[in-house]
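Dumping the structure here so I can ask a few things about it.
Letters A, B, C and D mark the chains in the order given here, with residues in each chain numbered from 1 onward.
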Amino acid sequence: MSTDGKFGDYGGQYVPEALMPAIGELDDAYQRYVLNNEDGFMDEFRERLADFGGRPTPLQRADRLSERYDLDVYLKREDLLHGGAHKLNNALGQVLLAKYMGKERIIAETGAGQHGTATAMAAAHLDMPCTIYMGERDINRQRPNVFRMKLNGSDVKPVTAGRGTLKEAISETMRDWAATVESTHYVIGSVVGPHPFPAMVRDFQAVISEEARRQAQEKIGGLPDSVIACAGGGSNTMGTFANFVDDDGAERSSADDPSGDEPRGRVDLYAVEAGGSSLAVDEEAGVAPNSASLSTGEEGVLHGARTKLLQDSFGQIMESHSISSGLDYAGVGPELAHLVDTDRVTPVAVDDDVALEGFHRLSQTEGIIPALETAHAFGYLEEHHAELSGSVIVNVSGRGDKDLQSAIEETDARDVPNAPDMSMFAEGI
Amino acid sequence: MSTDGKFGDYGGQYVPEALMPAIGELDDAYQRYVLNNEDGFMDEFRERLADFGGRPTPLQRADRLSERYDLDVYLKREDLLHGGAHKLNNALGQVLLAKYMGKERIIAETGAGQHGTATAMAAAHLDMPCTIYMGERDINRQRPNVFRMKLNGSDVKPVTAGRGTLKEAISETMRDWAATVESTHYVIGSVVGPHPFPAMVRDFQAVISEEARRQAQEKIGGLPDSVIACAGGGSNTMGTFANFVDDDGAERSSADDPSGDEPRGRVDLYAVEAGGSSLAVDEEAGVAPNSASLSTGEEGVLHGARTKLLQDSFGQIMESHSISSGLDYAGVGPELAHLVDTDRVTPVAVDDDVALEGFHRLSQTEGIIPALETAHAFGYLEEHHAELSGSVIVNVSGRGDKDLQSAIEETDARDVPNAPDMSMFAEGI
Amino acid sequence: MAENEAIAAAFADGPAFIPYLAVGDPDYEASKAYVEALARGGADIIELGLPFSEPIAEGSTIQNAIVRALEGGMTPSRFFEFVTELDVDVPLVCMTYYNLIYQYGRSRGGAPGPDAFVERAAEVGISGLVVPDLPAEEADPLREACDDHGLDLVFIVAPTTEGERLERMMERVSGYVYVQARLGTTGAKTDVSDQTTRSLQRLSEWDVPKAVGFGISSGDQAARIVANGADGIIVGSALVDIVAEGASSERPVEETAAELEAKARELAEGTREGAARRSPDVDAI
Amino acid sequence: MAENEAIAAAFADGPAFIPYLAVGDPDYEASKAYVEALARGGADIIELGLPFSEPIAEGSTIQNAIVRALEGGMTPSRFFEFVTELDVDVPLVCMTYYNLIYQYGRSRGGAPGPDAFVERAAEVGISGLVVPDLPAEEADPLREACDDHGLDLVFIVAPTTEGERLERMMERVSGYVYVQARLGTTGAKTDVSDQTTRSLQRLSEWDVPKAVGFGISSGDQAARIVANGADGIIVGSALVDIVAEGASSERPVEETAAELEAKARELAEGTREGAARRSPDVDAI
């Protein structure tokens, strides 16, 4: 990555002028604290991730899935992280950074509420006042998460503008930040937004692959052949891939790779997007019935960065759709877009039906109920395992407790071959 | 403990004759596999606890609570265990033991559903068919947990007899077991029931204090002054105390303590029971508005063991009550009863109001939403911190996601000084 | 070990028919009428269930009977009163759980322990006890109290009871042994397991009568089991079913009592018939 | 850098009043009437918002206007059509987000990049562009296209813009500079921050006119700001509020247009008055 925050042509800092000093200051703090561990920032971050977050998370061999697919399937268990998803890695990192920067207040946007709850937890832990913006419609759809944020002492501000969903919440958070940049840090929830967010969030999430790579040496005795992660904004994806990106099988001069003696193997990286109900789009209605921006999107500028987007031919952003609210985003991290363009990451899409099948598969065969986001990765494994070989690490980005109601409704609405009898839940839970 | 399963006068095997061979067989398996690690059982158990369960769980310093109470407060984070509570330690141990014993089927009872979900997870993980008995009334109160069990592939059997709650579910499970002992193992959910269950469940849960003791050496540089855990049946309590019980400050001859050179310190052990709305009882109605069997119960025989019970003067078991369904049980583990009688464990009770205050306290100041069961331990800390000194370990037995709806209703029903504004949740979540 | 004479007498003339009902189900007065109906129907011994709040050994039929009885206000004191008032002249055996026995002294202001209960039971004319959650290993204090007050202590032998455990029971049993016909808990079933035969064989050396129970519901079954060597037949759920139906349909107590009496007669006759059919072969066991 | 003559002319006779409306709010025809009313009311330049689906720099007032316009079917093509049909003779500046500029070529079947948009804008008579999410650092391709087609590129200077960043903008700006009166996003506010004064001081060396915006809602405020040295006044939310009220009360378009015209007149007069009040002192900045 070059220091201007570009990944190839992607990335950059497309933000209102009022925010430029704030992201400049943040970039400076990123370089000092995160990249150079000034004042022992990274040490404290790692320690809190361990003690408060529960790291390291296990790399677990999935015996039954391995047998089913005739592969060595390993699960990276981010579902065991405090809060139930990888989101805390980033939220804790950013709230701690805000403290090091002398900020007095945290703001964040949230759609499904996962990033909001992670931020609220981190803010309570670090005693930082916290305001979370959330669209009014999302608030009504995600009440348990709203309640969790409030329990953690955060102020949840309903956003009534527009349709009352994630994008209005992002605008509202930007608006707050633009007015309060001096005292406030904006905790972005994925590897999106203007530089330094995509790089910084990736670095906070990279602990996933740092552990997984080490654990793979211990358990597999080497590198995995493939790594699979679901992609919404792409933070769990980038976190899971980061330390495997250089394992690209390319010959290296000793200048590139001073360690020299260990030849780099090849690890295939699969980013599984939400294929929704279809990969086709309805330009007229401005609706994409999927969230597959890596697979089907076009380059454009959104929320501060140049990246791949779901947009109509004029550049209006489309409404995306997915069974899993955490993947339901029309953009994707710029670095991931670049890794796809350079053929390092293979983007694949899995539709709602297949994701649900993956949800039930993991629940039944491994005793782990995954988030619907995560379920996409297992849907992919179920459909495409024959194309894989050897050992595969799948990132279990989150647990499914938050999705029980959706899982009932969505399972009820279609014919999922491996779903249990759910007649008693016809009315919900 | 003597080999007949007695703890002083408590314990024993008060079960129908048909079950005696089964518990004899289980006792044999307990001795061989658990106590003597035959066939590497304990090694496999520990490995699965690590990889599937996420052990070790952290011992985290609670900075803000420490400051508030002028103590060194440490949290043992069982809420981070897979499934969200300590329950998996036991469920995984027993399901694995059943496999070693050549059993083909698992049954369990559940009240609030925590033990049922843990057992369902373990059974899915180990590919064991599993039937969970649950009172019909409990099923209607705990639908998300019922759904989780079904997702994990367990068969949830509604029990319609009597009032349709935990005790009828226990009877029904015993009934199933009595008819199927040869092929089936009954996974009891706490340190209760006939020998060897209380000892065996304690041993499976003792990993909590095994880790905590080691972690305390690292983080506190020695033993904690006190250890606090909530007590329902007492499994998290015994698990948290087990490796500290011998730290009783007593002088020891070198014969008792061959390691010799490390003089035993004194660790105070507090078992926090549910004080409900009052410690008084209504004999007439057969109702105790609490679940404080250690503090207020009398010796008697229930569910296979002699222990302390909430009973009327004739010996009829009273209906217990607590804001937290997991503490809502009229008995308690016999070993705990014995440790109380011998003054090794101090039983204390915390009422519903104080427990709720503890719930909000931990959520707001540490970013950890505890189970309502666990909240009792924090309510005790809030009320009695002045009586403690030095370092305190509190076991966070579980997370509160399962209790959000109850927390709303119960907070709404009373005046909790530190609750957030919850007006938007008046109608529930 | 003392032997209760009334119980011994009940087995003296051949196999005994032993019905069970939960006392107080669905209410005090009706229950009295029902127990008396069983006596009229030909019961040789009657097992009276004293309801305990956690009846872990019962099937759902008897569990529900116990819930009804408890809701009707049954307590140990009322139970003893009930026995005093009862107008039957067959020996009575109290079937209950250990906690009620153990706590009774405490309810009278004394210390816990089985003696007070047994003393009072003897006083009101109870001849024996069956305690399904009290294995022989934990039974010594109760055995002693029974000896002191002249009561029998009946143990239940399961199809799975073997070896040492059988020995331990044999040493402590008196009156009769309750042979559990099959695995599972109580409840009317139609199959007569051949586990019964095997159990009877295992117990052939014992010098107490062997009464078989669990799942017997017809005179025909009773006859077959007795023909196979049983010294008695215990029937619970099949009778409780009649009480339950009476309670739910709210029909007059006399009608239910009449039905119970008829059912008891069928079972008593089956028991006698079985004795008559008994082959010399079986007698030899 | 080319300078657009029409814009230069608008500042030639003294401070300019620059109103903003979102085009297509709440529908195509009404919007045309509203823009024309602004011109009648005395606008010197009009900023026409081309609605983008993710207006991250706007306050909720303008955000809602954009939602209404998008729901009314506004697109970049329709926007250009709108400008063509517009009957006003003041210079027009298009305010939009970079993605719409960048993608326009693609919508015409060409490659992405700013040129096609700027070319078409010039064709329909647009004189300049304001792109709130395009910082100077990313602006070179657009600056080039503007030069090629004779458009001004206006940058927004925030109260926090300083040092190197100011330099970079100064090198790229043309037409006028949009001085953001205070931190925050757009929205009508009553306070006139003295950050404005400080900002104007920081820009004193720049040779483009300095137009102040963000939160101006009355003629009186306009006058004070101009008196403090501003070369222009930009007013958006206060006008959009009138459109919003018209839309929600469903009153006739003419009435809303009349109100807009009146408000524009108040602001235009405030602007002139401010110029008259300007102290020689301030002039010197």
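Please note the rule applied: a residue touches a chain if its C-beta (ideal position, glycine included) is under 8 Å from a C-beta of that chain, and two chains touch if they have at least 3 such contacts.
As the structure is a prediction and not an experimental result, all values here were calculated from the model.
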_If you drop chain B from consideration, which chains still connect to each other through contacts?_
A, D | C
*asked:* Please report the minimal path length, in steps, between chain A and chain C on the chain touch graph.
replied: 2
*Taking each chain's centre as the mean of its CA atoms, how far is chain B from chain C in angstrom?*
37
*When the centre of a chain is set as the mean of its C-alpha atoms, what distance in Å lies between chain B and chain D?*
66
*Would you give the residues of chain B that are in contact with at least 2 other chains, written as numbers and ranges?*
none
*Would you mind listing the residues of chain D that make contact with two or more other chains?*
none
*Touch graph across the chains, line, ring, star, complete or other?*
line
*Listing of all chain pairs that touch each other, if any do*: A-B, A-D, B-C
*asked:* List the residues on chain A that touch chain B in their complex, please.
replied: 50-52, 54, 57-61, 64, 77, 79-82, 84, 120-125, 127, 143-144, 146-148, 150-153, 360, 363-369, 400-401, 404, 407-408, 420-422, 424-425, 429
*What residues of chain D sit close enough to touch chain A in their complex?*
52-60, 63-64, 67, 70, 75-77, 97-104, 106-107, 112, 132-135, 137-138, 155-162, 165, 180, 183-185
*asked:* Help me check something: in the complex, which residues belonging to chain B touch chain C?
replied: 4, 12-18, 20-22, 24, 161-163, 167-168, 170-172, 174-175, 178-181, 286, 298-304, 309, 311, 313-317
